[in-house]
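Following this line, the structures themselves.
The following pair of complexes shares a single chain, subunit A, combined with subunit B in the former and subunit C in the latter.
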Partner chain A sequence: MPAPVEPPIETPASLPEAYAVLADSSAEDPVTPIAGGTDVMVRITGEIGEPPRRMVDLSRLRELRGIAVDRGAVVLGALTTYTEIRRSSVCREHLPALVEAAATIGAGQIQNRGTIGGNAANASPAGDTLPVLLALDAAFEVGSNRGQRAITADAFWVAYRRTALAPDELILRIRIPIGSGRETRFRKIGTRRAQAISKVVLALSWVDQDGPPGSGRVAPIAPTGNGPIGTWRDVRLALGSVADRPIRTRATEAVLEAASPTPEIADAAAEALAGEIHPIDDVRSTAEYRRVVAARALHRMIRDAGGW
Partner chain B sequence: MTTQHITLTVNGEARDADVEPRLLLVHLLRDVFGLTGTHIGCDTSNCGACTIHVNGQSAKSCTMLAVQADGAEVRTIEGMVAGTELHPLQQAFWDQHGLQCGFCTPGMIMQAAWLLDQNPQPSEAEIRAGISGNLCRCTGYVNIVKAIQQAAGELQASASAPAAAGEAVAAEA
Partner chain C sequence: MTERTGPIATHEEARGDDGTASPKDGHQRPWIRADGQAKATGQARYTADLAFPGLVHARLLLAGRAHARIRHLDTARARAVPGVLAVLTAADVPAGRYGSFDFILDRTLFATDVVRFEGEVVAAVAALTPEIATAAIGAIEVDYEDLPAILDVEAALEPGSPLVHEAIADYGHDPNIEPQGNLASRSTIVKGDAATAMAAAPIVVRERYVADMAHPVPIEPHSVTADWSGDRVTIWSSTQVPFYARTKTAEVLGIPEHRVRVVVSHLGGGFGGKCDFHFEAHVAALARACRRPVRLVLTRREEFIAPDKVTHAMIVDVATGVAEDGTILARTARIVLDSGAYASDTPVLGQIAAMMVAGPYRIPDVEIEALTVYTNRTPSGSVRAPTGPQSCWAVEQHHDVVAARVGLDPVEFRRRNLVRDGDEGPTRQKHEGDGAIQTLELAVERARAGGPLGPNEAIGVASGWWFSAPGPSGAFVRLESDGSGRIVTGAQENGTGAVMGLAILAAEELGMQPEQFAITYQDTDVGPYDGGSSGSQTTFNNGRAVVEAARDVRRQLLELAASTLEANVDDLELADGAVGVKGSPDRRVTIAELASTAHEGALLLARGSGQPPASPEHDASACVGRLGFESFASPTFFCHAARVSIDPATGVARATKVVAATDVGRVINATGAIGQVTGGVVMALGNATLEGTRYGDDGRQRNATLLDYKLLTSADAPDIEVVFVENPASNGGPHGAKGVGEPPIVPTAGAVANAIAAATGARVRRLPMTPERVWRAITAGDDGAGERNGPFGPVREAVAAGSGAAP
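Presenting the complex of A and B:
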């Protein structure tokens, strides 16, 4: 049931107005931002936990829209929808793994409404773009009446459904560095292809030290026996739905760092990952399934990259 | 009870209403405006029966607040027919038996209309992906896919007919 007294939903037309509405938001009595509403709206009936009491609709904040390239990074406004990401020539060129992740979220209608800022702020451990943001070393530009600051992705999700945002802060933009030669792979495993919440979701990213500059998106390195296999640097592996928040798996990254995508390395990395994550049983899957599938999905990514 | 005043365009007609803050858009359409062609299936954005267009984008109206549609252009299944002439998608669902019980049909047609707007010549795989947020428990989707293929062909044919295209451009301008 809705709350007996429904406060009006504020619909600010500018960022300063939104900051003013959020100024008295507190942990005890938060003002919940809503944009596409794809997460907030399923809470509004109160059937899943406590519904938000006060809400502020961000849809009119033009300042938070748009996709741009700026100083070696793609900058996504927080209100960028998944459909906009899928269609953006900038994203398709520089962030194909993010485009792929956006395409796996819900289906067309959800992708038209849902925003990447909302995916991050909702802080679900199963949020599909979040491992990509971690693997790409994204940073969140956040703001409030008190000023602006940046929070790196690996410091953003601090506990189950909790972010590093203060109650009065909004995500403004997400800044994703684009380096030449960086490769990223994405994989989501759910019950079906559309409209599924992930059982396991992962993103693997590396720089191929021996690859030609800008070879970034062209993918597989020459197969075994047909030339050298490259050496990986700056490897990042991030997963969702295997912990209380989206996580980097640094022990497994260490196995892959300065290594080549050979069968031996794939075996070692898969084993390391199975030992490093501690998923749980829940309505969508089991801990055992998640551990096995995460390890096999990583193994396959390495195999495909190695071309064997 | 607090209410908020909103104005919007529904199927080309200017409308306004005083709504409770948490009124769902689908309830505004059905209960306030009497447009019951938009169905409510799951209330959790899974089934797609409530699909409409908001500013030209398909959306699930059970997961939108009416206040979020303030100032928007909304199109529902009732806005698809031109006078007494069915939209090519409506005709195609009829011709191809793209429905049995019909509950999913309004949402399915609205989603298909958005899909064809984005991609006028979709492959079968693209059609199936395009309607993957809409559930049908009767047809097995085969005839729905055929209907969308038929409509795509007809819309393409009418778009490429020079006279019709000229009129459309004039009308747009």
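Presenting the complex of A and C:
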């Protein structure tokens, strides 16, 4: 059993200092950033994954905190905690699906410590907020001594537990575009109601072409089943725990694009999804269960949206 | 019968069942247990919290493989690590094998030549810091020759199977069992001629049910600190059974018991996982070697793999012969228990499983055999109601299947077959009271009162029984000079409140309030012997001892008062903290006054040893493997009715309401009893739907962490309605009480299973009934009993390392 020995850690007081600590981080000898520690603390015990060799503590980087609205987007500092997301009036108004995802993570103590930047950087295929970030077309602003750049969510998770971040780069902020009548739904299927790792997690997002010009609030299109069923545009469907990374499912999106949430479309989309994803068997679930349950969950989301 | 439902009402009726006057049934009021505030505010100290000057830290080297021969073991490099004070292996402690309750002497303190499960202790280290101890463990060199891992209980019973214990024939064992090959023990429960009755039965239903291994998962892992003073050692241990731990420590270290003192600080839960003797002797040996106090605290992973107390993986093959009208005619069954690498206390649990598969039903002819089988898994043992939940889950589903076969409603089927007052048990013991029927009717009525059922929703019921465990147990009661009281007991408080509740019994006898008593407990040097927190026996046994001692003190008080008041003892009454002359309100003397007088001369001090009641009369002449559970003493009867809603798309079965009706004989401590039932239901629901150990085909547990072994949390807990029925046992605990700690975990899984089947038409014959299994039963008609995934076969591994959906 590996030694539960705490690796050396530095605690920079500013972003330039943090960049300096990270400057000699490399793939072979990485400096592991720690924020809330949700995942890193487990690695330090040596029981799961490789223990970090050396760490940089981000807790003093005020630049990475805060939630703001800026040029048609909600901007979340990388150190924004799940609790802050849950309590933020901005998030509750514009990003209810993200609020819902944040509320499913861990227990209250973990939500108080865990950060959205950490969830993204940890790159677990089961990360609960990640499909929401994909479905909302978020962009990551990242930085290092070498400067800043933006990476789209779509390009951020590149392989099992690997991101597009260079070894010396930090996530600074996450920009999530808002407005224009976008609707988003979130569903997590876990072992139990709280503190469970997902077996399947889904986020579905669309713009209702015929619906009311919107704030992006979650509201059924035709809650009573009597109203007109709109046509969906710019559909994005993202899933977690069904591949080596959180993924967009483009074939299923194509079925839903320019379509309406009718029973026929729901059947077709569910069938497309079951054919498009290739989950695996592991200690938490089986491939077959994940595939079929993901398809059923999508079907139900479309049904709820269609109000039938 | 008195029926009682929480919230608790004040209960004014006189006792009268044992002749002791008890004007106010004070124990039915909610009260605050003496250890409650410290525990709720985080001030309570548990074993790992205790501070010692000069303390050093232990760590164990566990085998990490299922089955292997040790070719070479070298600790030289570990000893050379700076800061290491001691490294021990089998070569450093007395040779000789031991076994739980001496059933089979198959164990040694450290692995000797062969390791038989991944958690087997190979060596132990003490060092200045936990980090150094860990480094030293890594420096121990072991050269293993891997042997085939024996993981399938049925294959293990085949002739020619490799053996877990090559030298089994040389092991000492209990004369009532015959260990042979991988078969550790065989017990039968036999009445009449089941083969003939089965052949003559018009309808026979045969089924197989399979349960996976599970775990007790106390929040506090095992922790032990040992410190020597001369030739005496004090061991602070997180044990449920301090006297047993003392006996075994003395035995394996070859020292007399009076030189070993076992002290338990507050215990952070046990659920049976801390029964028996685990690491006390390892740590004592380390402390002796380095002449410093040594502390061991298991990691959570170690807690999953090392202690020989996991919930048994079981196969239950059960058959019932039944008449067209639904009358049960005969029962045969073969139960196979996975004992794991060592026998532990499993042989007797096989016998209990056989009694449980017979159940509290009128069955004229019974033949049930239980086999306990060695494999290379973590050894099983007495986790809360050992074998009860799995057996009840199997047989109560079977009863629903039989009911359907004869066209009867499941409740009506039970009504026709459950035992009533005067009926015979499976070894012809005479049942007392109609508790089995009463709890059935109550549970069903209350569950149905919840309104109409929705789609995919149903109510399932399961009935059962569980024994009380008579045993020797002692206590002292004394009054201090100010009239306050003290109970000194050998009993162990494992969190249930059973020891705290002893104050209720003493107060009741002495006309005092429970809050007026202090309790000294959990120290083998101080309290008289007790069997520990196991077998639902604390109130049952130690309660009798406390009552006996308190009655003696009461007698002493009355005699003192008789002389003070110049009255006849028979004319006195003791109530509300004073002795008075009946009919003369002005002639009274307070207990405080009597106690202060007493201290000038005689002391108000008494002992009680609560002579255990005899087992009920029975006939076990046709049974083999008799280890003491041929009859169930003062059995508790119960029925749970679960209202369960199933999502057919995901297979998630969610209990929305559980009614738990239990005939506990007599409620002694209502707060504690309701707590036990509530906690039992929640634990049982976790066992029923979430838990279960997954093994790789290398014989190692795959979900030995709380990340992947999920218990139920309060967010998932249903509405739980607790109902008690009181049929005082004539030969039971205080006031006719029966055991209450274990029964509530027994029937819940069966009730949930029957609800799943009623709602979906699909029966799940594999425990736990995970969403995947429920979903497969619904969509593919696969009941799971043949699934090669879990304890009887390997978990399918990720397709390629690093491509998994693991976090």
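Rule of thumb we're sticking to: the second predicted complex is superposed on the first by the 293 of 308 C-alpha atoms of A that agree within 3 Å, B and C clash if a C-alpha of one lies under 4 Å from a C-alpha of the other, contacts with A are read in each partner's own complex, and residues count from 1 in each chain.
One rule holds in what follows: a contact is a pair of C-beta atoms (placed from the backbone, for glycine too) under 8 Å apart; a residue touches a chain by one contact, two chains touch by 3 or more.
Just so it is clear, the model here is predicted, and its values are computed rather than measured.
With both structures placed on the common chain, the touch criterion links A:A68 to neither subunit B nor subunit C.
When the shared chain is aligned, subunit C comes close enough to touch A:T286, but subunit B does not. Within the superposed three-chain model, A:D57 lies in touch with subunit B and out of touch with subunit C [touch as defined at top]. More residues of subunit A are in touch with C than with the other of subunit B and subunit C.
By the touch criterion defined above, A:R193 reaches both subunit B and subunit C. By the touch criterion defined above, A:A150 lies against neither subunit B nor subunit C after alignment on the C-alpha atoms of chain A. Touch criterion met: A:A126 reaches subunit C, while subunit B stays clear of it. Contacts of A:Q109 after superposition on the shared chain: subunit B is touched, whereas subunit C is not.
Of the two partner chains placed by superposition, subunit B and subunit C are both touched by A:V42. With the contact threshold set out at the top, residues 5, 42, 45, 193-195 of subunit A are in contact with subunit B in one structure and with subunit C in the other. The residues of subunit A lying in touch with subunit C in their complex are 1, 3-5, 39, 42, 45, 47-48, 122, 124-127, 160-161, 189, 191-197, 241-244, 279-286, 289-290, 292-293, 296-297, 299-300. In the complex of the two chains, the subunit B residues touching subunit A come out as 1-2, 4, 20-22, 43-46, 48, 51, 57-60, 62-65, 67-68, 70, 111, 114-115, 129-134. Residues of subunit C that touch subunit A in their complex: 62, 64, 130-131, 134-135, 137-138, 299, 301, 649-651, 690, 694, 702-703, 705, 707-708, 710, 712-713, 715-716, 771-772, 775-776, 779, 795-799, 802-807. Contact residues on subunit A toward subunit B in their complex (touch as defined above): 2, 5-9, 11, 34, 37-38, 41-42, 44-45, 55, 57, 59, 83, 106-110, 112-113, 193-195.
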